[in-house]
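Labels run A, B, C and D following the written order; every chain starts at residue 1.
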Amino acid sequence: MQFLSDNAAPVHPQVWRALQAADDGDTPYDTDALSREMDARFSALFGRECAALWVATGTAANCLALATMVEPHGGVICHEESHIEQDECGAPGFYLHGAKLMLAPGEGAKLSPEAIEMRLKGITRGVHQVPAQAISITQSTEYGVVYRPRELAAIGALAGAHGLGLHMDGARFANAAAFLGGEPSEAVGPADVLSFGFVKNGGMGAEAVVFFDPGKAEVARWRRKRAGHLQSKGRFLAAQILALLEDDLWLRNARAANAAAQEVAGGATDRLLCPVEANELFVRADAAERAALREAGFAFYDWNDSTIRVVTSWATDPAHAAAFGKAIARL
Amino acid sequence: MQFLSDNAAPVHPQVWRALQAADDGDTPYDTDALSREMDARFSALFGRECAALWVATGTAANCLALATMVEPHGGVICHEESHIEQDECGAPGFYLHGAKLMLAPGEGAKLSPEAIEMRLKGITRGVHQVPAQAISITQSTEYGVVYRPRELAAIGALAGAHGLGLHMDGARFANAAAFLGGEPSEAVGPADVLSFGFVKNGGMGAEAVVFFDPGKAEVARWRRKRAGHLQSKGRFLAAQILALLEDDLWLRNARAANAAAQEVAGGATDRLLCPVEANELFVRADAAERAALREAGFAFYDWNDSTIRVVTSWATDPAHAAAFGKAIARL
Amino acid sequence: MQFLSDNAAPVHPQVWRALQAADDGDTPYDTDALSREMDARFSALFGRECAALWVATGTAANCLALATMVEPHGGVICHEESHIEQDECGAPGFYLHGAKLMLAPGEGAKLSPEAIEMRLKGITRGVHQVPAQAISITQSTEYGVVYRPRELAAIGALAGAHGLGLHMDGARFANAAAFLGGEPSEAVGPADVLSFGFVKNGGMGAEAVVFFDPGKAEVARWRRKRAGHLQSKGRFLAAQILALLEDDLWLRNARAANAAAQEVAGGATDRLLCPVEANELFVRADAAERAALREAGFAFYDWNDSTIRVVTSWATDPAHAAAFGKAIARL
Amino acid sequence: MQFLSDNAAPVHPQVWRALQAADDGDTPYDTDALSREMDARFSALFGRECAALWVATGTAANCLALATMVEPHGGVICHEESHIEQDECGAPGFYLHGAKLMLAPGEGAKLSPEAIEMRLKGITRGVHQVPAQAISITQSTEYGVVYRPRELAAIGALAGAHGLGLHMDGARFANAAAFLGGEPSEAVGPADVLSFGFVKNGGMGAEAVVFFDPGKAEVARWRRKRAGHLQSKGRFLAAQILALLEDDLWLRNARAANAAAQEVAGGATDRLLCPVEANELFVRADAAERAALREAGFAFYDWNDSTIRVVTSWATDPAHAAAFGKAIARL
């Protein structure tokens, strides 16, 4: 029973169908009909004009988004446990040509306006210091908690007041949107660019970078090519994304994953590090307890010496989730 | 009848089967069984120990290969019409952190030892000039001609004498190998790293970077992650590549493409810019002739004012190729 | 008798005096009174508002200038024999984060509007190619010839029509201005940024980057610091520059250098590669002739197998120049 | 009475004499006799073979040193209050092409082996994380304290065990060496490269990068040129450095600065943030106390709301230092 990662989940059957339908010899790169449909589909989804580019990975999506906001001598305020800081092997340093990640703390890997302001207050020495040019937040966060619309509004106001871009790493944006009630524009708030994740939610290898200022997408198009991310058979990436947008499949998948997480959480209430709002749980468990759970057939990662990370996906069998919850309760 | 690009060809049925078989929830990134099989499969293919990494595009493959050979202050000798110079939007400048492409001329986009030596002789002013650190050649070339083993040996000897790395851009390596008789080690010669193309030859979105000094692959692994090219469901990239290696499908596909090109060439002998050795033809045709061919249902790109580019693929219908050859002959 | 390079010339006595006067413990970096005076002095010199930054070298000046105009995925059209292409060890690749130098030919290392347009016409394939974002010209050129005001106007018009920045490498701007009659605004024409050289013209280690759109200087200030070029005792760089601007010392020095060049040229009229307009001569001389000149006590560099380069400076003894001219005439 | 910064100190008279003696028209860049003498002089000073390069600033020195140790995908462990992290506007990100500074805490801005090991222990996730490739320490530290030889040995052992390079930022190396008794090899310990500061200690605009593995200097030579730091009249930088090495002037200057710091410290013992070991003091003083000191004619920077920074130099008048100590004692 697999709770290691939503990366291990299979490709959704409707995505498979869309992939095969796309095998039609259309024109290369992003000149095919499917790729050209993306802007309109995301514009409809968010209720305002967007420009959207596909790329294969969340790392590329985050970096291309930030590259439109941050100069090589600039900086990005982000959480000290964010994916861009911890898990991307310095990819932002590469794509942003040495720009600096400016770390701030916060419960549940969430940035607060206060933490951001504290970081900004430390920047006082002119050209001797890196100027902040953007804020990057993760929705849902590395710890599976979700920014509420008023929290997003407060961060957006701060960004506006300081002339900073606002980027949202939405590797699990779907799970956040599902938690908040299913309205994507509420879940994204005033972000300027969203890395909208599909790989963990039924896709094979496609994410979208959604620009709410369509003009900003132009620079990203050059940078995507320059980074080797303009796939020549791009129609297969667009196909995945459009399939997941169709009839809100992305949202239905996320709801299933969130529900499975709640099922597990039900048995772990007194052991949870953070509230369970999306599809990740951080559960306190000592070595003996982990061994017992693994012995019982549950696969998961150790987060640190005292905590395990449990991840559900659109494909998690609800019975497995219930069993896991019970097994934890029994410890 | 489509002769625009081998990028427009469909995904081969065996690749589709392999993709679906890979949808098994194996571990992420390149830790799955298929990804771990790649080194052994390429080692068997080339008859010597290799390390092989998958990436989604030829641009990424070329750049990651070169990044293991060239320092940011170094240079790469390449043909002035090579893909890395002309068509990758400066990707080598990005991946190599500003290293320089040092251009040399040559018939059929082929580099000769003489042209390389001429370039090297101009480098005499110590730290005021960029030092050459690698040579990059394309097999088959941008003009569809193929380096012979003795030509490769001569370039390899020159590279060795000057301490330069040797990279081969093999976006159409399969077509070159098919032309040379099907022995991959002959087609690659003494190259240190090969960008081995599969996308144009039946794949969906996977190329291999093959290191003949396996130790060199380590740096490329970090750089791949850092460039956002370590896909989390990497099993689907490995699956494509392994499917194409199985029972020499890559070679059979290339032979079919080459045969189709010969079929077209048969009708165009007195109009060819270069000998047709792989799956590309450059055919002299004026505006009226182009219009006539398009009128007759043939799709192709204009190369310049007097020449068209015709590309065949594994999926080109031999009857279409024959018809195209006849149509050209009739002009 | 030294004709190797204007780099070998001594520091002018008035510069020495200014350096010593600056040893007054003023505030660090560019907050001292002398550094703060630079904008006004260059604005007065050019008759329009400028912002000017000091740096230690022409390479840094050129690169910081270009960094305000060219994005990492962009390109700079320049002459194939320009200093930024030939002699700076790839510095533009470093400072511009991999942007491309797009080479064009031209007599006397001069770019013509036609050569620039030809280069621009080749850029047609969208994101697959690097977009040109700036033109860089050298005044006086690598071959010691000078752009006339109407030539500058034509290039400026072309830059404007294509939305390109215009940079002038003025390592020997003083010699060009002296040749053109001493009006600096005519010599700079419609350039957006000028690298104004002082080191070769009586300075010790200071050049100015002059921005004719003062707002553009802001980015250069960050980049200067980031490149380690914001010297903490910057007052000593400002002092050199201001001393050379005082009473047109820069122009008087350049006139002396140009006059010395004319003196040499007088004896070499039938051997000159280019017209002598500034302080460099390229003189045809075979191996025996070179040996004879060196035997007679003249020091100079070989430019290639058939040509020598002769450079005069503000400090060239007119008698030496006359002697050199006679020695060449006598060959 | 000036205690703002050692940057504001004048150029030492012997440095002036050396500068003027160097105005001899020697060959350009670093081919002159003085530049060529540097290796031997530093080798004699440290009692082992070194290669030494001049550059104009400490930022350039630090970055060129690190660029020989750290790949673009690598990281440098350094103190969270180090100059490379806090005060260089992201210069290491520029010179190291996006490599990461990995911050560690420590009293007095000193790194301990424990803090370094803690940082290393967090690096466990393969290519998903930046690998550490070097350690950078500052001697004396940002807080004016000095690493003892056994502390350096312990850090060197750790670096060796993990295959990391060891860099020493010695902007105030002279003050550290003076404190430790004047033996430079003890003060540098097992560092692989030293940024040896001269600007704050009597120079005008020259620092040395000293490589204890001379082979490593080669890469730095290319990078220096590429960064625009190879000044054409390099003889003037070498002259400053050699003048300060002559008869241990560097050490005598540092002893004078340190003695002045002790003089001030004598009056501030109960207010010191750190022990005073070099030429910087961090003194607790509230707003009223600061005002009183400034009223009395003492100039210094506020470090934060409760602390002032006091810096002495080789040129600090001992009477001023004594007066400042007394003024603080009187508060």
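Here, a contact is a pair of C-beta atoms (placed from the backbone, for glycine too) under 8 Å apart; a residue touches a chain by one contact, two chains touch by 3 or more.
No experiment lies behind these values; they were computed from the predicted model shown.
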Message: Starting from the defined contact criterion, work out which chains touch chain A and chain B both, please.
response: C, D
Field: From chain D, the most remote chain by mean C-alpha position
entry: B
Message: Out of B-C, B-D or C-D, find the interface that copies A-B, where copy means more than half of the contact pairs are identical.
response: C-D
Task: Please report how many Å separate the Cα centroid of chain A from that of chain C, as a whole number.
output: 50
Query: Quick one: chain C and chain D, Cα centre-to-centre, how many Å?
result: 34
- request: Can you check how far apart chain A and chain D are, centre to centre, with Cα atoms defining each centre and the answer in Å?
  value: 42
Task: Give me the residues of chain C that touch two or more other chains.
output: 72-73, 88-90, 94, 97, 127-128, 222, 225-226, 230
Query: Any idea which chain B residues touch chain C in the complex?
result: 72-73, 75, 86-90, 92-94, 96-100, 125, 127-130
Interface residues, chain A side, partner chain B - complex: 2, 4-5, 7-11, 16, 20, 23-28, 55-61, 63, 88-91, 94-95, 199-200, 204-205, 222, 225-233, 236-237
Message: Quick check: in the complex, which residue numbers of chain C touch chain A?
response: 71-73, 97, 127-128, 131, 219, 221-226, 230
